[in-house]
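In the two assemblies presented below, chain A is common to both, partnered first by chain B and then by chain C.
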Partner chain A sequence: MKTELVLFGTHINMASQGRRRRLVVVVYAGFAALMLAGWLIDRWHLWGAILIIFVAPNVSRMVIGGYGALGKGMVKPFLGNEIHARYTSDPNSRWSRLCRLTIPQVTDAIEFCSDEREVRRRDSAHEVAYRRLGMVVIFTFFIAYIKNAALPLLKVAGIVLPAAFFDLLVYGLLIAEFILFLTLPQTILLWTEPDMEQPQ
Partner chain B sequence: MIADSSPFPWFSTARRRTRRMVVAAYWLVALGTFGVCQWAEFFRLERHSGAGLLFPLQVVVFLPAILGGVRAGGMVKPFNGVRWVPLPDRDYTQTLFGPPRPLLGSMTASDLELDERERQDRNRVHFVAYTSARWMALVLLALQCVAGIASRTWMINFGSAAFFLLVLILWSLPQTLILWNEPDMEQPR
Partner chain C sequence: MSTRRFGDGWSGRVVAQFIFFLDRFVVLTQYNDVTDNGIQPPGGSGLYNRIAVLRAERGISRQSLADAVGVNYQTIGFLERGDYGPSLKLAFQIAEYFGLPVEAIFSTRPFVPLSQQVYGASTGASR
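Up next is the complex of A and B:
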């Protein structure tokens, strides 16, 4: 993990855990604002959804890092070791030349690759993220199931609940899951990594 | 990572081929159920006609009982310790809270705890599963966008099918990877 974040040319020190946690809070607050904006535009139907689908992955890649091989963002590329190993196996192959052209950092093993401790932390963060995300997905599935299976039964019994509310809830949860899918392992790493040494 | 307490005692869990057969059977049942749900939707059957019940049954009962991972009882050891187990052999009282009692004859909860190497394997498999599921989710999202351009009805139908698939993948992929890739183990003498 990097100790500083470069955002639009500004170097921000991120060595302390407190600062990284503040960054995570700011990023998720930004995503919440983005979801609100999408809802206000057209209830996430077209432009609202497009706004989120285009902005969220870019913010995730530029600020948080992890996924995306360009090495931008706080977290090193998760697949850096695999890409670097393939690159060093034959640096003159067509794939390696293309890789060097599109990802110049691939030659810098220190910046691009993760050590054994980082790989273990990466795997552990993914395990936690998988479990948490699984719970959110199951909750969404449950809401969708209530809407599709239970509402008609309740209607037969004389209880009418607004189906549009359930639709909106499911859609909102799916968008939140999309954002979490892109960011959760990285933010777990940023949140849990202890204070790091400042660069000399 | 493989529990000795197989749900199919007549199969040897030590053999990779057997495990692959069980995984293939599980996915066949899962996708078959999924197909039935889609068929019911397609022919506009009543949504509470029973087809909608098959999938939750699949997710809640078949998955933990066959593949395991999410709780004790399947072929893969529970990923996060034993918190709840269904009625063990020759036991007529369900324990909801407190330490679980011996499972399946002489097997105890401590036998199902993961050691350090198994924890690393579990985390590694979850990384692979997360990365794969992430790509699958993005592909499904792109397909749904294409369906949305074609027709709103297609988008709604495809959206629910894609979400079903994603739930199924999220619940089953790590266990599938473990069972599929774990090499043959030594048979107990």
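Up next is the complex of A and C:
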């Protein structure tokens, strides 16, 4: 993990855990606002969903890092070791030259690659993140499965919901899960990594 | 007159099963870092080491040691505090860097303080 976030040329010190936790809160608040905007546009039916699908991965790449980050964001690229190994195996190949042009950080192994502790933490964060996410996905499909039976039962109990309620709920949950799928392992790392020291 | 206890009726059983399910859900989703299995001194690794002493003795910075063994300088800090247990490869790399056997740097038991080794048990705290 990096000690500073570079955003539009501005270097922001992120060595303290408190700052990184605030960043996670701000990012998820931003995603919540993005979901609200998508819902207001067309209830996530087309343009609302397209907005989220395009904006969320780019914000994740620029700020959080990890997946598809290619050297940007706080967390080192999750596939950095593999890309760097392929790059160093033949730095003069066409692929390596293209790699150097698009990802200048690839030449700096310390900045681009994760060491064994970081790899272990990365794997641990993935295990925790996707175990939780898996349960939420199962819950979503459970709602989708019972929706036809649930509406008449709720009506009997005196709760009248619009017919599209469960559709919107399932759709909203799936979009939230898409955002979490892109960001949860990285945010677990940002949240749990203790204060970082300066080299001495 | 018999009194009904919680869990006697079918509704009680359903509630109890629901609470049990919730409890399992919470247990299953606890964040357990693979490096922390219970409370083990020191830090979470259960390994004692002399990296900080050796580094100070030879005037080596964390960054220099990290560069020499190919890890991030923060990982050296985690190693020194015992928060991270190194792989066998990294332990041997560190031992090779300091020119010492691996058991002189890492141990599962606390090291005897250098002052005690040099001056014997009659100094300092024993008096």
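Annotations for the structure displayed:
Following the convention adopted for this analysis, the second predicted complex is superposed on the first by the 180 of 200 C-alpha atoms of A that agree within 3 Å, B and C clash if a C-alpha of one lies under 4 Å from a C-alpha of the other, contacts with A are read in each partner's own complex, and residues count from 1 in each chain.
Note that contacts are C-beta pairs under 8 Å (C-beta built on N, C-alpha and C of every residue); 3 or more make two chains touch, one makes a residue touch a chain.
Keep in mind that what you see is a predicted model, and the values were worked out from it rather than measured.
Look at chain A after the overlay: chain B and chain C fit there side by side. When the two complexes are superposed, the chain touching more residues of chain A, out of chain B and chain C, is B.
By the touch criterion defined above, A:Y67 reaches chain B but does not reach chain C.
In the superposed model, A:E197 lies in contact with chain C only, and not with chain B.
Legend: residue contacts after superposition of the two complexes on their common chain; A:D123 is shown touching both chain B and chain C. Contact with neither chain B nor chain C is seen for A:P104 once the two complexes are overlaid on the shared chain. In the superposition on chain A, A:R131 makes contact with both chain B and chain C. Taking all C-alpha atoms of chain B against all those of chain C in the superposed arrangement, the shortest distance found is 7 Å.
Of the residues of chain A, those at positions 120, 123-124, 127, 131 touch chain B in one of the two structures and chain C in the other. On the chain A side of its complex with chain C, the touching residues are 1, 109-110, 115-118, 120-121, 123-124, 127-128, 131-132, 135, 188, 192, 196-197, 199-200. Put simply, chain B touches chain A in their complex at residues 46-48, 52-53, 56, 59, 79-80, 120, 122-124, 126-127, 129-131, 134, 137, 141, 160, 163, 166-167, 170-171, 174. Of all residues in chain C, those touching chain A in their complex are 25, 28-29, 31-35, 61-63, 66-67, 70-75, 77-78, 84, 86-87, 90. On chain A, the positions that touch chain B within their shared complex are 53, 67, 78-79, 120, 122-124, 126-127, 129-131, 133-134, 137-138, 140-141, 144-145, 148-150, 152-153, 174, 178, 181-182, 185.
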